[in-house]
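Same chain, two partners: chain A is paired with chain B first, then with chain C.
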Partner chain A sequence: MNAEQLLTQLNGLKAVFEEKEDELTQLDREIGDGDHGVNMKRGFNAVAEKVSDGSAQDILKQTGMTLMNSIGGASGPLYGFSFVKMSEVAKDEIDNDNLMEMLEVFSKTVGDKGQVEAGEKTMYDVIVKSANVLRETGGLRLKDLQRLADETEDMIATKGRAAYFKEDSKGTVDPGAQSAVYIIHALGEGAGND
Partner chain B sequence: MTEILIISHSSHIAEGTKALVEQMAKDVTIRASGGVDGSIGTNSAQISSMLNDVEEDTICFYDIGSSLMNLEMAVEMYDGGHNIHVSGAPLVEGSFLAGVEISVGTDTESIMEKLSEMQK
Partner chain C sequence: MKKLIKQKESFLNDMLDGLKYRDTQIEIIEETVAVRKNKRDKGVAIVSGGGSGHEPAHAGYVAHGMLDAAVCGEVFTSPTPDKVLAAIKATDCGEGVLLVIKNYAGDVMNFEMAQEMAEAEGHRTASVIVRDDISIDNEEQRRGVAGTILVHKFAGYLSEQGLSLEQIRERTEEMMTGLYSIGMAVQPCLVPTTGAYGFDLAEDEMEIGIGIHGEKGIYREKIETADSIVNRLQDEIFKHTDSSHLIVMVNGMGATPDSELNIVTKYVMEGLESKGKSVSRLLVGNYMTSLDMQGFSLTVVEHDDYLAQALNAPTESKHF
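Right, the complex of A and B next:
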């Protein structure tokens, strides 16, 4: 994947989050404050509007800064800062090894800054296992990533606003885990592909 | 002279704390970042732009929830030439103590040590 493809794939998230806004809103209404759908849509609308051509590193950094500027709450800064950190390891031509490295940075950033561990029903549950998916299957297919998000359904939230729902958070896929599926899928295969 | 940066979810808390500390430490530069776009919240881009304005080493204080995360991100992205310290001391008490200590000439390291004894 070169810089041009990367930009196309990230721009593709605008349409994805427009289409999935209701889905994320529904999930977030169950166990949060219901703004995750509109936040993600606003964030990637801004990315499509503002991020311009450049090296892969530039594109990732601009994406990160744009997300940090345009999405509130905890998820915007965490996604945004992760893109900024991924820009520091990205190469001009991103192969699977480099993508793996980026996913590890993504995971470390969210883990450190969000102070979150696996099994706490957050975006981290998808991100932390995504490098494994890439290693084992050679790609980042939507159905494999979706399986990771689905695993959060039975978890009990201990972090973020969902933690207030305690046991009642069971039975709903975490909205952050769901949006992480789309973001990682776009980084790998590109929106619109399987 | 070391500066102080106050980060709060609320502009009233940030400005109010700044006014309180200024009362005791008139010569100390105190910057306050409270709320986002007129409502409650913190934002690391906003904190970044505050950090870009500092003219001396700076001690930062934060309030609840994601303010620490946003502050830490802004500090990590800071590429200016001053030392940026983050204190986990309670916002009001911590910045008050720092303001007084800075104004009487205590060095930053000693202030950070005193602050570390008053964690939230």
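Right, the complex of A and C next:
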């Protein structure tokens, strides 16, 4: 994936989050405060509007800063900072090895910044296992990523707003895990994607 | 959805544009940061903020004696680090800036990120995290709710007394160890940005232990009469404190009629009297709301003479 393809993928997330706004709202309403859909839509609208041509590194960094300054909430700094950190390892031509590196940075950034571990029913559950998916299947197919998000359904939240509901947080897919599916899927373009 | 808005995307900016006409003591910079027109020229600046939908919090407390700036996020969404940084830069007059943050993952992350950026640019900052919601057992996870307004007032007073940034932070931390809130709702709020109610509640149900973002409470129960509900909340609070000198806030959640707040207040005060508590200041009204939610929260703070004096000191905020 070169810079131009990367930009197309990231710009394409605007339409994805427009389409998925209600789905994310519905999930967040169950175990959060219902605004994850509208926040992600605002973030990637801003990306489509503001992020312009440049190297792959520039594009990732601009995307990160734009997300950080437009999403708000916890997702804003977590996704935003992760894109900034990924820009530091991205190469001009992002192949599968480089993508693996980026996903590891993504995972480390969310883990550190969000002080979160696997199994806490957050976006991290999808992000941390996505490198494995890439390693094992040679791609980042939507159905494989979705399975990771679906695994959060039976988890009990111990981080984020869903944690207030303890046992009651079971039975709903974490909205952050769901949005992470779409973001990672977009990054996987050209890596044996569907 | 029936709401007095033009479009959901412009909710925040339209609201702040309107606020400028109503509150001529503040101005809006960087689109979403409310600052005092009569800026301080010395002392520690106090900056707070958070998502919108809690009006009059936080912009309504931007006034002499309370806040120097309030950073306003989208509805129920923490503001972004660039805006918090703008607030720090606009208010710092060289003696540092105290950030009053409510304990939500998003607020803490965005404010702390701005704090790092501000420090890198040479501003001295400190922060306190408000965790007054005792409906959450785990103390680290407790949310910042209506008690935050008392923290604004106390920190604002300390700044007026000329205390240093570190002194203000310490004394505010100390004050917050005796600050307890718990809230309840009889009707959820309609969130204009999603067009949906924060949760669904049957005709005969209530939520105990609500936060301020339209999220569900910790317990869902059959509705009871106002006196029983007040008893229930007081019992929760007095599991945490046995102090007999209290300042009390009965906070409306946004769409609770004043008449009902008065009824609640009656049972709050009678209950406290029967427990032998003395109340040196009672605040009743909409201080920290959750859009059009119906319900109330009860906040008590243990106090000494100094804290009472601080909370009773004048402020130019017409909402305190």
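One rule holds in what follows: the second predicted complex is superposed on the first by the 190 of 194 C-alpha atoms of A that agree within 3 Å, B and C clash if a C-alpha of one lies under 4 Å from a C-alpha of the other, contacts with A are read in each partner's own complex, and residues count from 1 in each chain.
Assume contacts are C-beta pairs under 8 Å (C-beta built on N, C-alpha and C of every residue); 3 or more make two chains touch, one makes a residue touch a chain.
Here the structure is a predicted model, which is why all the values come from computation and not from measurement.
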Checklist entry - Superposed on chain A, are chain B and chain C clashing or fitting side by side? => result clash
Next on the checklist: On the A-aligned overlay, A:G114 touches which partner chain: chain B = first, chain C = second, or both, or neither?
Outcome noted: both
Item to check | Contacts of A:Q178 with chain B and chain C, given as first, second, both or neither | outcome: neither
Checklist entry - Given the touch rule stated above, what does A:N11 touch, chain B (first), chain C (second), both, or neither? => result neither
Checklist entry - Taking the superposition as given, does A:A163 touch the first partner, chain B, the second, chain C, both, or neither? => result second
Next on the checklist: Under the stated touch criterion, which partner chain does A:M68 make contact with: chain B (first), chain C (second), both, or neither?
Outcome noted: both
Checklist outcome for this item: Partner touching more residues of chain A, chain B vs chain C, is chain C
Checklist entry - So, A:V84: does it touch chain B (first), chain C (second), both, or neither? => result first
Checklist entry - Counting only touches as set out at the top, which of chain B and chain C does A:S130 meet: first, second, both, neither? => result neither
Item to check | From 2-10, 20-28, 92-100 or 308-316, the chain C stretch with C-alpha clashes against chain B | outcome: 92-100
Checklist outcome for this item: Interface residues of chain A shared by chain B and chain C, listed 68-69, 72-74, 77-78, 81, 113-114
Checklist outcome for this item: As the complex stands, chain A meets chain B at residues 65, 68-69, 72-74, 77-78, 80-81, 84, 113-115
Item to check | For the chain A and chain C complex, residues of the former touching the latter | outcome: 25, 29, 32-35, 37-39, 42, 68-78, 81, 113-114, 159-161, 163-165
Item to check | Residues of chain C that touch chain A when the two form their complex | outcome: 8-9, 51, 73-83, 104-106, 109-110, 113, 136, 141, 143, 191, 193-194, 196, 198-199, 211, 213-216, 218
Checklist entry - Which residues of chain B touch chain A in their complex? => result 36, 41, 43-45, 65-66, 69-70, 72-73, 76-77
